[in-house]
Amino acid sequence: MSRRPSGNFETSYAQDIAICHTGFQQVVMILFLIALLIIIPLFSSSYILSVFNIIGITIIAAIGLNILTGYAGQINLGQAGFIAVGAYCCAIFTNHLHMSFWLALPLAAIITGLVGTLFALPSLRVKGFYIAVTTLAAHMIIMWLITHGGKVTGGVEGLASTPPQIGDFVFTTEQHYYFIIIGLTVLLTYAAKNLVRTRFGRAIIAVRDNDLAAPFLGINVFRYKVTAFFICAFYAGVAGALMASYYKMITPEYFPMLDSIWYIGYLIVGGAGSIVGTIFGVVFLKLLSQLVMWGGPLLGAIAPIFSAGAVSGLMQFTFGIVIIIFLIFEPRGLWHRWQIMLSSMRIWPFPY
Amino acid sequence: MRNKLAGAFILLLVIGLVTSIACAPAATGKPAAEKPAENVVITIGDLPNLTGAYAATQSCYVESNGGAVALANEKNYIPGVTLKYEWVDAATDPAKAMTAYKKLLAATPRPAVIIDHSTAIGTALKQTAAADKIPIVEGGVSNEILIPPGWVFYYGSPYPCEAGAYADWFKSQWKESRAPRFAALTWDLPYGRAWITDESMAYIKSKGFEIVGQEFIPAVPSDTTPQLLRLKDAKVDVCFGAMYPSALAVVLKDANKLGMIGTFTWGGVYAVNLIELVGYVGPLANGCTVTSTDILPTMWKEKAPLMQENWDKNGAKLAPATQFAFANAAERVVIGIGAIKSAVEKVGAKNVDGQAVYNALINMKNFDPWGTGAPITFSETKRYGQDTVFITQVQNEKAIQLGTARVPDLLPGGKDVPAK
Amino acid sequence: MILQLAVTGLMVGMVYALMALGIVVIYKCSSIFNFSHGAIVAFMCYLAWAFIVQIHLPLWLTFLLLIASAVVLGWIIQVGILRPLIGQPLLASVMVTLALMQVFGGTVTLIWPGPARFYPEIIPSGTLNLGGAAISYESLISLAVCVLAFIAFMYFFQYTKLGLAMRGTAEDHQLARSNGIRVVRMFTLAWIIAILTCSIGGVLVGNMHGVNYEPVSGLAMKALPAVMIGGMESVVGALLGGLLIGIFETIGSGFLDPLVGGGFADVFPYIAMIALIIFKPYGLFGYEKIERV
């Protein structure tokens, strides 16, 4: 991808791995952050803020998954299970132990990370699709433990959690949560971007590309795999804790197995192996599902010959078809298409 | 060329998505039909589950609920007010339901009441609805929803109490001198386990039953012989449970295989659709009993003419097996409509909002839901509506109503909980 | 009691084995894990119901039409949807199967909304008593159908030219091509076979549970642990895996339920699967990948 019309020529290592390479990119980044953190929360309706909040929580979990699956190459089909661990830990801490949210969040994330390392252990022997199914089984086992957790986890009845507060100020509305969630999203995205352009990032990419040759370079494959699992589960834990707090009440139904599989979907649609790609993927799919939700009643009002059940089925059908058509046109994900578009715009009117 | 096409397509798709979401709050649902210009519009929100696990049962809910609202408008049920009906598919998934709920809140005018049809979703929305000050009339129940009393109102009677009512009825029919042997035979899901509480089991024991077992059937059972074999060994006389007919059919077929049909009676909560069960297993369903919240559809012409009218207008193109579900759902909407009516009478149509409807609901006494079910009473501390259930049984592959039973108060700390 | 549990476990396991076969055939040929398997099973179940009850076709015609629909559907999926993705990252194809699950689910709710339907009573309901274990005629017939299906498919793979071509494709695409086998045609064939197994499985499960989307697709996805235990590339593994899962389920609910308070049947197969994978990372009969730097 060419950033400058005359080509990419950096003069220092720091410049080479920088996030914003040119002055123009820096300005755009600052404007974007101002819009995201100041303009949007002040001028948007509650509904739009709620959409942002959901997208923010999902992005955190998806980025964690990207580090494990996109960068380290270990397919993880149990992300929703890890999110559940984070959510329930946070709920238990704030509800039963009356901890403050600001303490419960990092604690829940760390505990989730440790649970992640537990399920990383089979990766010593198992590879490829089999580790995927091991993580799927991890999800099922976690959910079974939660549902049969009696009074501690609330079992099937669910667990409420107290809202975060600073002193006397309690976070209740969408706007309040927006600042916490989007703030954390920006922070964690930046952290992830940093992680993957350091030694750790290069090591796990090496593990993904060829984990037999990696040890020859002095990379302790098992240790990096386990660390990647920890980070993925940590991010999932943060997302889960935010979820517990935002939804105010969590039940086991919030973490179905299919959700785990859809997290991989976010990565694929967005472009695995790229942090910004994940954001694209989550935003695209979440907006699509919002559209599908709006479309149902609208279609039912416009065309009353369809029964409401049929209309909802049609919406689900459309959701699948749009994804299929999208993938046929761009199997490498939105990020790839974005790169191509940027390059072609930059060197327009020349083809290359 | 393919690259350009792909690029253009995707660009259009993304732009289209973003613009439609940004403009979406402007679009609203079903426009009210010919309303007099001076009428105040009050919105009723609905969260039917049209896709997902409950889709089969709830597919007719938009027709039944929308029909009930349209009928209320037609009969000028609340003078000076036109009710608007807004629905969003909740997809039997609390996360999607939460988004659907937020979309409903964006409707104009803001809903005064929201109807919901799933225990999991009601539990998930309880805190949020309290924070947003919008009451929810709920079709699913759990102790978590009822205690502490919040902004969720369950229309029927809680499952543990229904179990107690069934036990009372069964004991009154029991002819032998020994203690009847009772076991739980229910779904291994929140909905299935909800009725098994310390209070309900203590009550059943105090009525002279011998508790011989507790068996759980997985959500999609392939085979239930292990569970049934244990019950056979225990020589059970009566079971109670909560599951949908598709799973119950497997249980009954396996029971038939083991020769257990006729040796025990299975009783269930209101949501078990007996007509559907007969469709699955025919004569094996004979004897199955349900503590129903509604009268039989065959009694509508006489006792619930408005519901009959609703069915004739909006339900006639649906399958006859959906009649139970149709009435169930419409009953919840009718409670919402009744609460709005009292709120209008109290504070005037222009001031009706969530808080006003909430106040109307906690003061609701003996409200008759268009004749379809027992009278509804809530109170400051009571968040469930019905104190009587109809005992409905399958005889000769038809659903017959045998009578009514009083619902004991078996919530924690309830009046009928036996003393230790 | 043990005999009864074992027998019912085997019966149930046979149905799982058939479902597992569908997944294995596609994975073996094209390395794509088909997430839409459960949805397709449910779709074929509804389709069969539509033929028999909605259009009132005689049974033999329904049978032929189902086979025809399987062929058409397999062809559409492979040629229309998966073919453009050949050569692209494999995960894209997997994602497409995920989206297909939504498509089939939506189609079922679109065309047949409403409450569950039932097949007409074709198999008499009676019970056979075999040495203390009670077996219903229904499960006996479903066992017979599954066994016949397996024998037919195994014969196809072992003794016919087309089956040989498929096995060749499964081993190495390049070599198959240089032997004159049209690899893409083999993919289509794999999908057709998979959808055929889905139809058989769908009708059998529909008989047990009624024509209801959630239970039928949920049951089909129980084949997942079966595939893992047997190994993702082995037909014999699918058979054995399915039977094992059936037995684990009945043993789980038979002996371990009272210990853990119920519901163990759902999670025991997954625990067993993890335990087995730790000892045999590629399943019982899966291809061991020998990697060289």
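Chains here go by letter, A, B and C, matching the order in which they are written, and residues are numbered from 1 within each.
What we mean here is this: a contact is a pair of C-beta atoms (placed from the backbone, for glycine too) under 8 Å apart; a residue touches a chain by one contact, two chains touch by 3 or more.
Bear in mind that the values here come from a model prediction, so they are computed numbers and not experimental data.
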Legend entry - Centroid comparison with chain A (C-alpha atoms), farthest chain: B
Inset, instruction - Please work out which of A-B and B-C is bridged by more C-beta pairs in contact, and write that pair. - result: A-B
Legend entry - Whole-Å gap separating chain A and chain C, where each centre is the average of the chain's CA atoms: 32
Inset, instruction - Round to the nearest whole Å and give the separation of the Cα centres of chain B and chain C. - result: 35
Legend entry - Residues within chain C bordering two or more other chains: 105-106, 109, 113-114, 261, 263, 266
Inset, instruction - Give the residues of chain B that touch two or more other chains, as numbers and ranges in rising order. - result: 50-51, 55, 59-60, 318
Legend entry - Residues of chain A whose C-beta touches two or more other chains: 307, 309, 312-313, 315-316
Inset, instruction - Would you pull the chain C residues touching chain A in the complex into a rising list? - result: 33, 35, 81, 84-85, 88-89, 91-92, 94-96, 98-111, 113-114, 224-225, 228, 232, 260-261, 263, 266-267, 270-271, 273-274, 277-278, 281-283, 289, 291-293
Legend entry - Residues of chain A that touch chain B when the two form their complex: 45-48, 50-51, 54, 154, 156-158, 160, 172, 247-254, 256, 259, 284, 287-291, 293-294, 296-298, 300-301, 307-309, 311-313, 315-316, 322, 326, 329-330, 334, 337, 340-341, 344
Legend entry - Interface residues, chain A side, partner chain C - complex: 122, 125-130, 133-134, 136-138, 140-141, 144, 147-148, 210, 212-213, 216, 261-262, 264-265, 267-269, 272, 307, 309-310, 312-321, 323-324, 327-328, 331-332
Legend entry - Of chain B, residues touching chain C in the complex: 50-53, 55-57, 59-60, 188, 214-216, 218-220, 222-223, 225-227, 229-230, 245-247, 249-250, 253-254, 256-259, 273, 276, 279-280, 282, 318-319, 321-322, 325
Inset, instruction - Going by the contact rule at the top, pick out the chain B residues touching chain A in the complex. - result: 3, 5-7, 9-11, 13-14, 17-18, 20-22, 24-25, 27, 29-31, 48, 50-51, 55, 59-63, 66, 86-89, 91, 93-96, 98-100, 102-103, 105-106, 120, 123-128, 131, 142-144, 189-190, 193, 317-318
